[in-house]
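In what follows, structures are represented as C-alpha cells.
Heads up, the next two complexes both have chain A, just with different partners, chain B and then chain C.
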Partner chain A sequence: MFAKPAIPFNRIVSAAFAATMATSALADGGTLTGYTSGYRTLNPAVQSGAATGAPGSQIFAGLVLVGKDYEIQPYLADSWTVADDALSVTFNLVDGATFHDGEPITSEDVKFSLEAVKANHPFGKAMFGKITEIDTPDPDTVVVHFSEPVPGFLYSLQPLLMPIIPEHIYGDGQELKTHPRNMENVVGSGPFRVVENNPAERLVLEKNPDFFIEGKPKLDRMVYPLVKDPLTRMLMLEKGDVDYAAFAGIRPTDWPRLERADGVEVTTDGYDAIGYVHYLELNLREKPFSDLAVRKALAHAIDTDFLAKVIFGGKTAAGTGPLHTGNPFYTADVEIYEPDLDLAAKMLDEAGYPVGADGKRFSFVLDVPSWAPQAHVPMAEYIQAQLAKIDIAVELRRAPDFGTWVKRIAAWDYDATMNGSFNYPDPIIGVHRHFDCDNIQNVIWSNTQGYCNPEMDKLLDAAAIETDPAKRMELYAQIQKLETEDLALIYMPQDFSVTVYRDDVKGLPDTPFGALAPFLDVTVGE
Partner chain B sequence: MLQGTLNRLVNAAILLVAVLVLNFTLIHIAPGDPVEAIVGEMGGATPEMIAQMRAQYGLDQPFIVQIGTYLGNVLTGDLGMSTYYSRPVTGLIAERIGATLLLVVTALLVALILGTVLGVFSARKRRSVLSHLVTVIALAGFSAPVFWVGIMLILLLSVSIPLLPISGMTSSSADLTGIAHVLDVLHHLVLPALTLATIYLAFYSRLSRASMLEVLGSDYIRTARAKGLPQRMVIYKHALRNAILPVVTFAGLQFGQLISGAVLVETVFAWPGLGTLAFESILRRDTPTLLGILFFSSMMVVVMNLLTDVVYRLVDPRIQAR
Partner chain C sequence: MTDTTLAAPKPVSPSTQAWRMFRQNHAAVLGLAILLAIIVISLAGPFIYTVAPREMVWMPLTPPGQSEYVLGTDYLGRDLLAGLINGGRVTLAVGFTAALITVAIGITVGALAGFFGGRVDNLLMRVTEFFQVLPNLLFAMVVVMLFGADLLNISIAIGIVSWTSTARLTRAEFMRIREMDFVKAERSIGAANGRLIWKVILPNAAPPLIVVSALSIGTAILFEAGLSFLGLSDPNTTSWGRMIGDNRPYILDSPWGVTFPGLCIFLTVLAISLIGDGMNDAFNPKLRER
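Our next item is the complex of A and B:
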C-alpha cells in the first residue's frame, strides 16, 4: 500500500497489481475498517440517523429489505400477504432464526419490536400510528391490523427503521430509550454481533455464525474506530487506514484530492432512500416572510443551480421541491423560479418593500446550524451575498453548538435558518412532518416554520392512505407542485453525501439504502 | 504546620462546593438542555416523548430543587447518570482518566526534563547560536496552535514517513495482550505526547532559562565559584536547585489543569481521554457528565496545590523551617 499521494507511475503499477489479483478467486472473510463519530445507543428502535443506523442495520435484522428500484425483498419474513382491503398484512417468519444469545426469534418478538418502535422512535407515530392490533397466532406468523391503509408500511420494515429486538431482554419494564442494554451486552438479530463496544475508542462487530441466511455475511469483522476530527479523517482516508466511510462528510473540494490517492474510490450512490435535502427555512409567522411575494422574490434571487454547479462542483443536484430526486415519488414538474435579480427587486418593490433611506429594503438574521457545516456555511454565505445585491441585509449567526441551534428553532425564535432533513423512502416519514398543519410544534424538524394550508393537508391525508400506486404518485406530484407555489421551504442543492472506500472492498449493497443496508455480500481484499 | 494544613483543607472544601454551585448555575443558564440535544440527535420526537424524557431527568423540576438534589447526591459520592450514555458518571470518568493521565504525564515529564536541560544550557551560554536556536524553537512551540502542530506531525511522521499511527490509543485490527499491547499503546502514544510536549516544552525552557539567569547572577554563586568548585557542581548543585522552584510551581499548576490542556490534542488524535469526554459533553448538553468532570478537575487542582507544597519542601529545605 502506498502512503504517499499517487503519482501516475504508481497508478500504473497498482493497476497492474489489481489485474493480477482479479484473476485469483475472491475468498470470503476479511476485516472492514470504517470510522464512527460516536453514538449514544446501538438500538435503532429508539433513534434515527446514520450514527446509530449504520452499525444498527448490521446488528439487527428487519422483516424485509428494500432492493434496487425500491423492490421489497424477504429478510426475516420469508413471505407476506396484504389483505384485499389493505387493512391487514400477514407475515410468515423464516424458520430457525435466532438472536445472538441463541434464543429463537418468534412472532412475539416482532410484535414487541413494532410496539417498541411505535412508542419510542421519533418516526414511530408517523410509520405505525395506524396499527390497531397485532396478532400472533403461532410463533412463525404475525398479522398486523390497521385502522386505515398504510401504503408505505413495507418500506418502513427494513432494519434501519424497524429492527427486530429481543423481548426477553428489553421487555423487562425498563424505559427503552435509556435501557442499559442499548449499549452494553447488546443482543441483536442481524448478520453481525457486537464483540467490543467502547464508545471512547471503537466498536467491533463480528460475523454472526448462526445467521439465518446460509453463507452470509461474508465479512469476518467490522471495526469502527472513533474519529471525530475531520482533518484526521481525511488523512486516514487518503492514507488508506480506512476501508470504508459512509456519510464521509468531506467537502466537494476534497473529492479530487481523494481520487488522486492510490486505491481510493468515491461515490454518491446509496443515498436515494435516505434522501438528504437542504433548505432555507423562513419563519412564516412574521413579516416580511409571511408575505408570499417576498418568498417568491427570494426564490428568484437565489440561483440553486449555480450553488450546485459552482459551490458543490456539480457533484450534487439542485433540489426542486420537498422530495429528493432519488425518491420514487419525485417529480420535476413543479413551479420553477428562474434566477433573475431584477425581477426579484421589482417583486419586492411591488410587495411594499422598497429600498429605504438607509439603502436597505429590510434585514434579517440567518441562523447557520453547527451540523453539516460543509454544506450550510457556503450556502448561507452565498445567500447573504446574493440578497445584498437586491438590498436585503442578512446577518449570519453561526450556532456554537447543536443545542443552541435546536433551542432557537424549536422555540420558533428565529427569522430564518439553513436546515436539512431526511426524506426516507416513504414521504409519510420525512416529508409530511414539515407541512402538516397539525405538526406545527415546538419540536425540531416538525413544521417549525408554521406553514398551514388546508388544501395541502387534504392532499397529505389522501396520499397517506392511497393504496393505488399511480394515484398516490399523482397526489405527491400535486403536493410537490403546491409546496413550490407556496414556498413553505425554499429548497437548496441536495446534500453532497458520499461514501469513500478502498478499491478492494467489493459487494457493497447496490440499493437505495446503500450505506445503511446490511453488508451481506461485502468482502475486503483478495 | 498541622493547623495550616487543616485550614487549607477546610478552605478547599468550601471552594469545591462554591465551584459546584457556580458550574451548575452557569450550565443551567446556557441555552439548550440535554433533552433538546438528544432529540436533535434522535432526529426529532413527539411532544409527549419530550415531556416524558424531561421528567425522567428531573428537568421539569424548579431550579432550586434540581441544584439541591444534585448537591445532595454529590455529597454522598454520586455524580449522577450521564444523559447521553445512560451510565453513571463516576464510571465514565474512571474509564477515561487512565488515558489522559498517561498522555499528560508522559508529555509533562518529557517537557519538564528536556525543557529544564535546554533552559539551563541556554542560560549558561546565552550568546551561543544554540541558545538562540532554543529560544526560537521555544517561541515557535509557544505560539503555534496545538491542533496545527498535531496535524503537521501527522503529515510528517505518519503520512510522509509512515512510522506512527494517525489516531487512537490501540490498533483496532488486532486483539493484543501483554507486552504486545503495551508496545502498541506506546506506539500510539508517541505522536500525541510529542505534540503536547512541544507546547509544554516552550514554557519550561523559557522559565528555567530566566530563573537560571537570575540565580547565576547572585552572590552565593560567586562565592561558590570563588571557592574553586568545579563548574558542573556550581550549576547543578548550587544554581539549579534554587532555579527550579518556579518550574515546579508551574508543573504543579499545569498538572492540575491537565484536562483543559489535553482537550485539543485528544480530539485531533482521537485519544480516548477525559478531555474529549468533557468537550463532547458540552456539545451534547450532557450536564451530569460535564459537572462531574469539572468537579473532578477542581479536585485535581486542589490536590495538586497541596502536593506542590510538599515538593517545595523537598527541593528547598528552608521552606520547611519556616
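Our next item is the complex of A and C:
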C-alpha cells in the first residue's frame, strides 16, 4: 500500500500547520489603538452615527454582514429563507451563541432587538415599519412577517443598524434610550466585550473568548482614547501612537504628509455604503425658496466642482444628487446645473427678484452646524461670497453646539442650513426620509425642508416594495432625476472620509461598510 | 530799593509737559508710529488693495511669493494680505469698543465706590470681586455662546470680564484725592457730588487711568484673538484672531497662515504697550523733574 496512504501525507502536514498558525494568530492578535471623538452611548440600537457605531459594531453582533459586493453573509443567523411572496423571512440562528455574561442568545432576544430598534433608532421606522409580526417558534428560529415586501430588509440587519441586544438586561421596562446599561456594564453579543468605559478618557475592548465564530476575533484588545483635536490626531497617526483611525477627520491637505510618514497607509475604502452626502437645505415653506426658479438660480451660482477641489483637494466627487456615487443605485443621468453666475442673475430677474434700491435682491440667514466644521464652514463661506456676486446677502449663523442647531432645524425655524446625511446601503433607510411627504416632521434629518411632490411620493412608494432589482434601479433613476429637477436640496461635494492605519495592521474589513464593520480578521504586528 | 526782575519761567500746561516727555521716549514714539500706520492701513487699505478677503481666489495654502497674492493664501485659497488688511479693521474695532466698555464700567464703578466709601464701596467692591474671581476666558465664552457671536456681543463680553482692575485703580485714586484740601474747598463752597466726582476728582485722577485705558485696548485685542482662536468669532467677518484659529490645523506644513496674522497682533499689542509705557512716564511728575 505504498502508492495510496490512507490519509494523504501532505494533508496531515497542512492541517498541523494550519493548527499552529491558528494558535499563534490567537496568541499574537495584539492590541489595536484607535481613537474616539466621544460618544453618548454604546448601544447602536438607540443612536446612529459613527461615534457609537464604530465600537458598537464590535460589541454587538447582528444577524448578517454585508460583503464586498453587497452580498449578504451569515453572522448570527447561519441561514435564512425569504418566502416566495417576499412577505416573510425565516432566520435560523447559529448554535451555542451567548451574550458576554454567558446567557444564550435566543430567538426571543432577536425579536426584542428588532422591536427595540424599530421603536428607538432614528431609522427604526424606515427600516422596520412594515413588520407586522415576529414569530419565535423555537429558540433558534425567527420568522419576520411584513405587510408589504421590504427589499432592503437584509441590509438593515447588520450590527451597525440592528445590534442583537440582551432582553434579560434591557427588557426590564426602563426607557431604552436612557437605559443605564447603555453605558455601564454593557453586555454585548459581538466579538469584543467592554472592559473599561470612561468616555472622558478612553474605551477599552477585549476579545470575547466565547464568541460564536471559532478562532475569531484575532485581536486581543482594542483601545480608543478620546482625542478630539484634528492636529493632535494627525501627529499621533504620524508618530504611530494610533494604529487605526476610521472617519479619521483627516483633511486632504494632510494626506501627502501622512503618505510621507513611515508605515502609515491611507485609504478611502469602506465608506461607499455609508455614503456621506452634503447639501444646502433651504426652507421651502416661504419665499424666496418656495420658488423653484430661485433654487435653480442658486444651483447655477454654486460651483460644486470648484468646492470639491478647494475643500477636499479634488479627492471627492462633486455630488450630483441625493445618492452617493458609491451607492449601487446611483445614476449620473440627472439634471446638472452648470456654474454660471450671469444665468443665475438673469433667472432671478425673471423670477421677480430684481436688485432692489438697497443693492440686494433678498437676504437670508444661513445656519452652519457644528458637527462637520471642516466641510460646512468653508461651504457656507463660499456660498456667502458667491451669492454676494449676484446681490444676495447671506448672513452666516454658526451654531454653538449640536443641540442648538438641531432645535432650530427640527422646529423649521430657519431660512437655510448646511447639512449632510448618510445614505446607508439601501435608499429606503437613508434617502426616502428626506423626500417623503409623510416624513415632514419636527425631527432632525427627516424632511425638514418641507418638500412634497405627489409624483415623488408615488415613485418612493413603488421603490420601497419593488423586489426586482432591475426595476428598482429604474425607479431610483427616476427618483434622482425628479429630485434634481425639483431641487428639494442643493447638493454639495461628497464627504472626504478616510481610514488611516499602520502598515502592520492586517485583515481590515474591505466591504462597503468596512469602516463600521466588526473586526473579525484584524491583526496588529508581525 | 533796587528793581529785581524775576526770571519767571513761562507757564507750561501739564499736557504740553507730558507730550514733551513722551517725545523724548523713543520707544513710545516708535509705538505710536506703528499703531498709526496700522490704523491708516486698516482704514484706507481696503480701498487701495481691493481683493475681497473672503473670496477663494487661488489654490489653498499657496506659500508667500508664489502667486500674485504676495503673502500666499489660507486653507481655503483666500488671499492672506486682503485678510490682514480687512481683518485689522475688525480687530481694532473690537479692541477699541471693548476697551471703551471696560473703561466706562470700570471708572463708573470705581469712582462711585471710591467717592462714597462705606456701604456703597462695600457693595460695589463685592460685585467687583465677584467678577474678578470668575475665570475671564470662560465667562466671556459663555456670554458669546449665549448671546451669539457678533462683533458687538464679543466686545461686550470682553468689556464685562476685564473692567475690574480699572475699577480698583479708579477707586484707589478717588480715595486718595477725595481727602485733599482742594476737594474739601470745593465741597465747602457747595459743590454737588456729581460735580465733585466728574469735574473735580476725575481730571486729577486721569493720568494713571489714561495709561490703563490705553493698555486695555491691547488686552482686548489679545482677548478677541483668543476667543476667535477657540472658534468664537463672528462668522461673517475676518479678524486676525480668526485667521489664526482657522489656519492653525495647517500649521505643520503651511505656517504662513498663522504667522502673518500673529505678527500683526504682536505688532499692534507691542505698539500699544510702548505707548502706554511712554504715557506712564510722561504723566509721572517725579520723572519729569529729572
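FYI, the second predicted complex is superposed on the first by the 498 of 526 C-alpha atoms of A that agree within 3 Å, B and C clash if a C-alpha of one lies under 4 Å from a C-alpha of the other, contacts with A are read in each partner's own complex, and residues count from 1 in each chain.
One rule holds for everything that comes next: a residue touches a chain if its C-beta (ideal position, glycine included) is under 8 Å from a C-beta of that chain, and two chains touch if they have at least 3 such contacts.
Given the structure is predicted, the values throughout are model-derived calculations rather than measurements.
*Asks:* Could you tell me if A:Q441 is touching chain B, chain C, both of them or neither one (first, second, both, neither)?
*Replies:* In the superposition, A:Q441 touches chain B alone.
*Asks:* Can A:L114 be said to touch chain B (first), chain C (second), both, or neither?
*Replies:* neither
*Asks:* For A:V64, is the partner it touches chain B (first), chain C (second), both, or none of the two (neither)?
*Replies:* neither
*Asks:* Mind working out whether A:A380 is in touch with chain B, chain C, both or neither, as first, second, both or neither?
*Replies:* second
*Asks:* In the superposed arrangement, does A:M492 touch chain B (first), chain C (second), both or neither?
*Replies:* Once the two structures are laid over each other on A, A:M492 reaches no partner at all.
*Asks:* For A:V187, is the partner it touches chain B (first), chain C (second), both, or none of the two (neither)?
*Replies:* Neither: A:V187 stays clear of chain B and chain C.
*Asks:* State whether chain B or chain C is in contact with more residues of chain A in the superposed arrangement.
*Replies:* After superposition, B is the partner touching more of chain A.
*Asks:* Looking at A:L231, would you say it contacts chain B, chain C, both, or neither? Reply first, second, both or neither.
*Replies:* In the superposition, A:L231 contacts both chain B and chain C.
*Asks:* Between chain B (first) and chain C (second), which does A:P199 come into contact with in this model arrangement: first, second, both, or neither?
*Replies:* In the superposed model, A:P199 contacts chain B only, not chain C.
*Asks:* Taking the contacts chain A makes with chain B in one complex and with chain C in the other, which residues are shared?
*Replies:* Dual-contact residues (chain A): 231, 235, 401.
*Asks:* Residue numbers of chain A touching chain C in their complex, please.
*Replies:* Per the touch definition, chain A meets chain C at residues 230-231, 234-235, 251, 253, 257, 306, 310-311, 313, 368, 373, 377-378, 380-382, 384-385, 395-398, 400-401.
*Asks:* Would you pull the chain B residues touching chain A in the complex into a rising list?
*Replies:* Contact set of chain B toward chain A: 31-33, 36-47, 49-50, 53, 56, 84-87, 95-96, 99, 147, 151, 154-155, 158-160, 162, 165-170, 172-173, 267-270, 272-273, 276-277, 280, 282-285.
*Asks:* Once bound in the complex, which stretches of chain C touch chain A?
*Replies:* Listed in rising order, the residues are 52, 54-56, 60-61, 75-77, 145, 148-149, 231, 235-236, 248-254.
*Asks:* Report the residues of chain A in contact with chain B in the complex, numbered from low to high.
*Replies:* 3-4, 31, 33, 38, 40, 46-49, 51, 120, 122-125, 175, 177-180, 182-183, 198-202, 204, 223, 225-229, 231-232, 235-236, 238-239, 241, 401-404, 406-408, 410, 422, 433, 441-446
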